[in-house]
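So that you can tell them apart, the chains are marked A, B, C and D in the order they are listed, and the count of residues begins at 1 in each.
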Amino acid sequence: MYHDRYILTLSCVDSRGIVAAVTTFLTQQYGFIIESGQFGDASTQHFFMRVEFSLQAGAPSLKMLRSLFAEQVGAPFDMRWDIFDKNKKARVLVLVSKQGHCLHDLLYRTGTHQLPIEIPAIISNHPDMASLAEWHKVPYHQFAEGESKPEQEKKILALVEQHHIDVVVLARYMQILSPELAAKLSGRAINIHHSFLPSFKGARPYHQAFDRGVKLIGATAHYVTDELDEGPIIEQEVARVDHAHTPDDLAAIGRDIECQVLTRALKYHVEHRVVLNGKKTVVFR
Amino acid sequence: MYHDRYILTLSCVDSRGIVAAVTTFLTQQYGFIIESGQFGDASTQHFFMRVEFSLQAGAPSLKMLRSLFAEQVGAPFDMRWDIFDKNKKARVLVLVSKQGHCLHDLLYRTGTHQLPIEIPAIISNHPDMASLAEWHKVPYHQFAEGESKPEQEKKILALVEQHHIDVVVLARYMQILSPELAAKLSGRAINIHHSFLPSFKGARPYHQAFDRGVKLIGATAHYVTDELDEGPIIEQEVARVDHAHTPDDLAAIGRDIECQVLTRALKYHVEHRVVLNGKKTVVFR
Amino acid sequence: MYHDRYILTLSCVDSRGIVAAVTTFLTQQYGFIIESGQFGDASTQHFFMRVEFSLQAGAPSLKMLRSLFAEQVGAPFDMRWDIFDKNKKARVLVLVSKQGHCLHDLLYRTGTHQLPIEIPAIISNHPDMASLAEWHKVPYHQFAEGESKPEQEKKILALVEQHHIDVVVLARYMQILSPELAAKLSGRAINIHHSFLPSFKGARPYHQAFDRGVKLIGATAHYVTDELDEGPIIEQEVARVDHAHTPDDLAAIGRDIECQVLTRALKYHVEHRVVLNGKKTVVFR
Amino acid sequence: MYHDRYILTLSCVDSRGIVAAVTTFLTQQYGFIIESGQFGDASTQHFFMRVEFSLQAGAPSLKMLRSLFAEQVGAPFDMRWDIFDKNKKARVLVLVSKQGHCLHDLLYRTGTHQLPIEIPAIISNHPDMASLAEWHKVPYHQFAEGESKPEQEKKILALVEQHHIDVVVLARYMQILSPELAAKLSGRAINIHHSFLPSFKGARPYHQAFDRGVKLIGATAHYVTDELDEGPIIEQEVARVDHAHTPDDLAAIGRDIECQVLTRALKYHVEHRVVLNGKKTVVFR
């Protein structure tokens, strides 16, 4: 019934009448609202909204709809906004290192249509995941031996452009992006960190967790920024552990959490449920 | 800033333009939307909405607003709807038996303003909770020895009328309401059942859970209907247990879950977040 | 350090001195206890124990150890007991139908050594999972068109014998085993049911959950018996859902829970952490 | 049946034969083991054990039992050990400030026998909780206006001695103990911190959590040491939050978690389930 679906996301300074203006516009353009979320941030007086809608007979083209929205709603309220075709799958470039659990999970969920994405390329600094990529028929790019970081990042950017990548996923990539690349991919690069941030930033978080004797371990998916593990958090989850767990046990338990958190965060992102709010995120679940 | 807050809830047959009509109406009447939830049930083509809003300078009185809404929006869409003053606390009658954990929790949360309710009366078939009620300065009514069920229920109804009760809470009341009373209190009587329904209906659910060897136990808050433990579910929660737990252990663990579930369900109800959808509920959290 | 590990499990009528007898025996035979769990069931006066130990220099062979234990401890206390070599991987036969998520998860965790098992064969009434099996290099057996249930079960039993199968896993097999086969595989066939038992036994549990309007859905791993979905429960888990989820959404959310629950239950089983206690289980986690 | 119960806790350098020696000793002294937990820390070669047992006819007195254990088991293995009478309730001094949710929860659970403790005194730097203490008939001590920190701590210590206090609970006390007092109460002072440590140490953790935009908030119960919020962690828990929650909302959600975590940690402590392992804890649940 709702095969053609669109998603409108917007943010602007809060004021009376925004929701009425948006929904009246959609109704006049033969839009049928299926799902809607909104949030007014009282601390910043900013307003955020996401509307999922279908277009009924009589509706204009998406291009025309965008043009009309810009003029009639976007401009008057000075909005940042966008309208997306929900059926257009997001194109994802996956960066990976030696550990394959997150990549494996992403490929499986993509193949079984649990994640509405396409993965046109995978890139790695190691050969370990090549056969997994091959079975899923995804081209696997590997940095050459001794390649410098700037050269590696040039290759990443080339793939982003060549494949019209919408979002870059660091699926346990274990490398830190340069500030330049982080800036270029701002808002469209997601990292999975294997701790409950802001605890245990940086290297070997499961060892840090073991040493501190925490009773829960976690994982955090966040947008990449030029500050290590400081980007806006999209999703987090934890699992219970106890004194008998070794660092290896924590890593094993953590792998499942990492997959869950990354999958959820990526799903929220590609369904345009995540809107940046300064150093934080609004997530319309 | 938002000290005067109102809540609009509505349901009607789904169609294009409902949200636009509602929000345009509110905007025209100087309403500022603070929070909004909506749901279109694809299986029944029914639409549900809850809007929390404040009124800015220039707005009509609540009485006038209701009248205008009825005419301009309610009637055209053939809605079931209501507008509530959020600052008016719901009046709750608590029915209780010998076990006091839920009552204790409700009284504490009421006293510390965690629950936006007033409890003008408690009624019980036992004297056990009288001193707790007394400390909280809530009148405690006890059925007379040997009083028949019809006489008891007449007393309950008298209290409901006398105190303008909005919702009756069966806080481990351990009695089944007659079909007549259940019908009279339809949609405004909440029971906490000490199992994860539909498992373990009826008596001694923790013993049933022990006998079955389940690995999680739960609690369920639901509206009372004339079918035992079959009313629309508002909220549920579970906790992990294992083979070493006796029925008494399960009951002890369960008490905390019962309090949590009942508190959440009652909060949802009195904040008008729960809308009945046939034998199910829509809960705008 | 502890590369040679053994697991002793036992149950008997409870009495004073069992733990002392068991641990003194192990110490005298150069056993070093690594992990130990015990449970006295007060309702049946039965005692259960699981000990993980290594053997130090001077220890007898496993065969001799078993013989000595039988004589010195097993017989005097009239125990049901066994000693397992922890490094010997359990051999698992997987029964599957059209849905592949559980099979996929088992194969991945087996291949990455997260589950200490071998899967020498998969059997199915459908061809859908053949290519997945092929990639993992596991022989895939498919029932012939029009084969009767007794003929199918004969094939299952033949595979069990041929491959020295330790445990049969019904990974969303969607068929009910005959009472005869259930009896033959008693205590060594694990089913994953896609509901939080005892709620929603039988067919289409996610549709049942949708119709009842529950706020949490679950999955249950249990031993197969001749009563449908009534076998001893090994593990359960739930996830939160709400009114907006369709039956398809529930099934999608449920798939992840099913995988988690089945993996945990199978891991407990093959690590000999599960001991049957009548219609219930003792799980030494 | 098991009305006289005892708890033995011990730790020592790990070696073969400890469990056998302990359980054989108990058996010879007519001890019936009800529950037992053990843990060998592979990273430090240290062994930890907790045994709950009853004494049958023929057993020596507790005093004699202790003397025999010291000679026959404690000394040979160079153990740190103790034997406790389980029926002897721990005596708890509660330190509180203006916020009463944790104190209220402790008093309720003590009064309803959910926590096996006695609270002979409460001490505070504010008068707010005096009436709550009075209703529970617990003497309430308040520091005098303008009293210095050393004077306050002297009063705390005086109460500890006067009432034979076993454990001091900082139930949102909001003051930092001096290194001297922390040292004197080492291993017997429990603090509840309102964050998921090591995240958000120090002041206003809910505001810190709000600013960072985390998706889960937590609470941590830990032993007090002279390093702020760095003591050995006993228990932690988290709850899900989202972008719409204000710092006040986080604090409200957090209050329930704080109560849960503190209750669990205190229960573990007074049941002698917690053994210190350097800067970490072993918790035999």
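Following the convention adopted for this analysis, contacts are C-beta pairs under 8 Å (C-beta built on N, C-alpha and C of every residue); 3 or more make two chains touch, one makes a residue touch a chain.
For clarity, every value in this text was computed on a predicted model and none was experimentally measured.
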| item | value |
| --- | --- |
| Of B-D and A-D, pair with higher C-beta contact tally | A-D |
| Farthest chain (mean CA position) relative to chain C | B |
| Centroid distance [mean C-alpha coordinates] between chain D and chain B, Å | 37 |
| Geometric centre distance via CA averages, chain D-chain A, whole Å | 42 |
| Residue numbers of chain B (touch at least two other chains) | 35, 42, 244 |
| Complex contacts: residues of chain B adjacent to chain C | 39, 41-43, 196-200, 212-216, 218, 232-238, 242-244, 246, 277, 279-283, 285 |
| Chain B residues within the chain A interface of the complex | 1, 16-17, 19-20, 23-24, 26-28, 30-36, 38, 40, 42, 56 |
| Partner chain C, residues of chain A touching it in the complex | 35, 100-101, 104, 108, 112, 114, 135, 244, 252, 255-256, 260 |
